[in-house]
Amino acid sequence: MDIDILKSYIPLYKDALFLTMKIGWQGILLSLILGLVGAAVLHFKVPVLKVITGIYIEIFRNTPLLVQLFFIYFALPKVGVKITAETCGVLGLGMLGGAYMIETIRSGLESIPVIQTESALSLGMTKEQTFIHVILPQAISMSVPGLLANVIFLLKETSVFSTISLMDLMFTAKDLIGMYAKTIECLFLLVLFYLIMLLPVSILGAFVERRMRYGQFGD
Amino acid sequence: MSELLKVTHLQKKFGDNVVLKDINLSVKKGEVVVIIGPSGCGKSTFLRCLNGLEEIQDGVIVVDGLPVEAGKREITKLRQKIGMVFQSYELFPHKTVLENIILAPMKVQKRSKDEATKEALELLDKVGLVDKKDYYPRQLSGGQKQRVAIVRALLMHPEILLFDEVTAALDPEMVHEVLETMLALAKSGSTMLIVTHEMSFARAIADRILFLDKGEIVEESNDAKSFFIQPTTERARKFLKTFAYE
Amino acid sequence: MANLGIDVLFKGTNFLRLLQGLWVSVEISLVSVAISIILGLLVGVLMTLNKLWLKAILKIYLEIVRIMPQMVLLFIVYFGTTRVFGWDITAEAAAIFVFSFWGVAEMGDLVRGSIKSIPKIQFESAYALGMDKKQTYFYIILPQTIRRLIPLSINLITRMIKTTSLVMMIGIVEVLKVAQQIIEANRKASPNAAFGVFAVVFLLYFIVCWPISRLAVYLEKRWA
Amino acid sequence: GSSDNSAATLDAGTTDSSKETGSAAGFRTLDEIKESGTINIGVFSDKSPFGYVDENGEYAGYDVYFAERIGKDLGVEINYVSTEAANRIEYLQTGKVDIILANFTVTEERAQEVDFALPYMNVALGVVSPSDAVVESLDDIGADDQVIVISGTTAETYLTKNYPDIKLQKYDAYAEAKTAFENGNGVAWANDNTEVIAFSIENEGYTVGIPSLGDNDTIAPAVTKGNETLLTWLNDEITSLGDEQFFHADYEATLLDTYGADYEDTLVVEGGKVQ
Amino acid sequence: MSELLKVTHLQKKFGDNVVLKDINLSVKKGEVVVIIGPSGCGKSTFLRCLNGLEEIQDGVIVVDGLPVEAGKREITKLRQKIGMVFQSYELFPHKTVLENIILAPMKVQKRSKDEATKEALELLDKVGLVDKKDYYPRQLSGGQKQRVAIVRALLMHPEILLFDEVTAALDPEMVHEVLETMLALAKSGSTMLIVTHEMSFARAIADRILFLDKGEIVEESNDAKSFFIQPTTERARKFLKTFAYE
């Protein structure tokens, strides 16, 4: 491996990391919002919306992100909706992530015993108060390991952003290999930067999971 | 008006399965009514109907002059008049003891945090748990949890208290501390409907005993002592026998 | 935009090739999942044993798989083994290896989770009946674990199918690559072929993955 | 001082070891290929009209036409390997293919990694833009405007090196780049002039404002570094094919449809000699 | 040799926490010993030590002449002499009632499937569950599950049966049917060690009562009736009081 080459590539990877993180985290935020709303819709069995949410989940969970992005970025402009690549990345990742987040939060919601709802109701709380103060906080903390796994999954999925001209980590690596043919150096930096991006999340995940297990069993 | 609860011709079905048939009951202020009966006879369902957790198919339930109608908006008003404690697992695990207790007074009755906290601490003190106020439910024993649940219900100043087998999931010694708390409430004049399998406790606390079987009130007695010694119906006699050996 | 280029698919053997490409994706996924389930069971059991060094190794393995982009793994396995050891493995073998490497870790973790979720009393009542460790795992713990696992591993199949598009990086021609080939070969005649072809690819993925994930939901409900 | 030293040592180390593996298992000599009866050739499978797969699943295109001839003259079967821009060098360095014939532009950087044979095609850069806003000089490009390029192409390398201020919008594949260009995501598209010219011919409303840019590059077959026997054979082959005007025939068979007759002499390099 | 179980100077610690201190006990063939005591006093731990589910720190346990040593290979042999039934959830959920019962006899004792099935059906018939033989555990009530668990233990032909609060998780009527099964076993001469919180049952079945508190045998009585009326130690008296009201 050539250290000078590594040095000269690092700024490019750093830019890519920032872009990946920027789009990644915005997309994840969007997916969390979608996840919460969707899970609430399913939880309260809101008429019509419930069906739409179901279809949305099935479509986005059963097709690759690549193909989804392709449609948002290349097909929508043909019918007059034009969005920048970044917006598209955020939107695509958010929509895909939303489908996964809904499922995770929903299974968190389902794991909360009915008696919790009933005892809140018998204290005179409304359905909405019960959901916000009693059910949701518990469901979220039950879902945290799952949510973090989704976050890692989504950050890794950013690798298909190259399709829509976003210079993410993966694209930077492929691009540099194509131009200058320093395969080993490029892949080494790719792994390194993925580590920088994902290791903290992964460690956090392990930590939270352990804490939750303690929480469940007492001390 | 000393009649707090009036149930007339109550019928409850799950699908085609009639779980409660033509129940009639009237409870006066300060009365302690104990409901006993075999498993699956409809005891829990009955209590759940009373505070609108279940929709009823026929009949009328009136609490303190207001009709109970599940699903209606006003049901939350009504539920504030009715405190309910379940078998277990009902404390909110993500909130401390104190937070569990003051949540509903603050959110539902819009009482100030200070005022709610003050009263909560007084009540916790009465049941001997004031030093546990910042504990989380998982750090409490089963008996302590149930006493907190009772305090939580009390802080809403309900007119009637409903207890559904509150000791069924507890170890024997903890059973005792919870039942003592309920006895104290009875003495202080609370109106209560209690479902229990603890026969000696039922005998000690009841002003009135209802024996429910297959969704019907089979026997009703204002004299708990004599009911347990000499029930008038054959079904009650058979039921009581399952609690004895030899 | 009247011509969306679907007609391109009916030229020559195009559609057949697309299906063959799809089969490549499905085949790699199925083989990998089969390997993942078998080895994953073993790794999962190992993960629950109380051996510190074993736990550490498996933890590191799991983290590597979680963090490393699959494309890097593909590159390393396909080209790296040749560079370092001089092995000339086929691209399919490399792909199956990488997908299994990923799958075994994921399955192992799922197995560990499922075993952990089986009440201790199940072990103890088996021991109390005089069974030894091996018998207990074989007759009592694993059968219960597998039931919880099957729906989860089915989900893994769909995730793998969706990830197979990466194998084009090592020269395997799967459905997405065929799609690109078709689009490029017909760029002149139907410039909009991209839409039609990608729409069909989208649909194909959905047709394959959707029933599989429904099956997972069904089994999950049945065995819950 | 010291960092230079360590870099130098590392560099030397790498070269040594790559030499070792190179001679051990890195490539197959001409004789070994003949003996085995099959040659592995890496081509594009989605870059019409140079290397692509036709509607019957057969490889075709300018590069493939040449590859077929190589197979015939060597007397061996051909095993085509579908490559991507990013893995062409890796295929050679690990000996997984014997020759890369995937529209491989000769560059200095690449020449350090692989050995190029004599060229068989010219390539220059061109820039196409919408007819109502033709870009005639790269200096016209505004600070916020983006130029579309395809990752791993010489256009990308050239612009990165010579016009570092121009914002590039990079795509992996041709189809995507073109769709984005049609959607108006960039002010211009820079690529091999062969491509942009073809695009302006086929699509109304686009003009090639800059038909030729920078140096003229060439495209050549590449083999694993150090594979002397194969390289020599390829060079001899290309030279002797010049006598029969083979690459002109190749052009007429595969590129004529796209570019017409006008570009035949500009594009084709015959006998390995650039005019 | 009529002495089936002999425990001498048994000590069990969890970390630094001494859970059982110097326990001595000898049980003869055919004896029914009931162990009672407050929650956490070590009753379950004691039973678990007896069949090697817990390692002990000091003392000796001998069953039918063989020493119990947790972790050793021979422990599986020994466990075949000891049948154990737990509080709940111990049937294997992926196997039917019959499969649950014959699994260990077939795999551990290498008995033929036919023979094991034949005996299983006889025993199931005795507890009134032969018609449920192809049900899965989840299709059974709690009481039925516990009776199957008892049959499962019996089919291994153990010398001693250990019961750890087998009715604690059951509804009252189901308690009855399980305890009846145990009474029948006692009458047929089985050797049993029973941990229970059902005092009237303990009184009915026990040849001997052990009262355990804080890991020690505080009181031992060969006369169950008089123990319940007049325990000799203060601790036992206090414990028994928690089961009465008024």
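Residue numbering begins at 1 within each chain, and the chains themselves are lettered A, B, C, D and E in the order written.
As a working rule, contacts are C-beta pairs under 8 Å (C-beta built on N, C-alpha and C of every residue); 3 or more make two chains touch, one makes a residue touch a chain.
Please read these numbers as outputs of a predicted model, since none were measured by experiment.
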Task: Touching chain A and also chain D, the following chains - done: C
Task: Neighbouring chains common to chain C and chain E, by label - done: none
Task: Chain of greatest Cα-centre distance to chain B - done: D
Task: Comparison of C-D and A-B by number of C-beta pairs in contact, larger one - done: C-D
Open item on the list: On a CA-centroid basis, which chain has its centre farthest from chain A's?
Closed with: E
Task: Intercentroid distance (Cα basis), chain C paired with chain A, Å - done: 20
Task: Distance between chain centroids, defined by C-alpha means - chain B, chain C (Å) - done: 53
Task: Interchain centroid distance [CA atoms averaged], chain B/chain D, Å - done: 82
Open item on the list: Quick check: what residues of chain E touch more than one other chain, meaning two or more?
Closed with: none
Task: Residues of chain C whose C-beta touches two or more other chains - done: 75, 79, 194
Open item on the list: Quick check: what residues of chain A touch more than one other chain, meaning two or more?
Closed with: 70, 74, 78, 183
Task: Contact pairs between chains, per stated definition - done: A-B, A-C, A-D, B-E, C-D, C-E
TODO: Enumerate the contact residues on chain D facing chain A in the complex.
DONE: 3, 6-7, 10-11, 14, 85-87, 89-90, 93, 109-110, 112-114, 148, 151-153, 156-157, 160, 169-173, 176, 179-180, 183-185
- [ ] Using the touch definition up top, name the residues of chain A that touch chain D in the complex.
- [x] 1-4, 70, 73-74, 77-78, 82, 85, 162-165, 167, 171, 174-175, 177-181, 183
Open item on the list: Quick check on the complex: what are the chain D residues that touch chain C?
Closed with: 21, 24-25, 42, 45-48, 52-57, 60, 81-84, 86-87, 90-91, 93-96, 173-176, 178-179, 202-203, 257-258
Task: Complex contact set, residues of chain A against chain C - done: 58-59, 61-67, 70-71, 74-75, 78, 152, 156, 159, 170, 183, 187, 190-191, 194-195, 198-199, 202
Open item on the list: Under the stated contact criterion, what part of chain B meets chain E in this complex?
Closed with: 38-39, 171-176, 179, 183, 197, 200-201, 203-205, 242-246
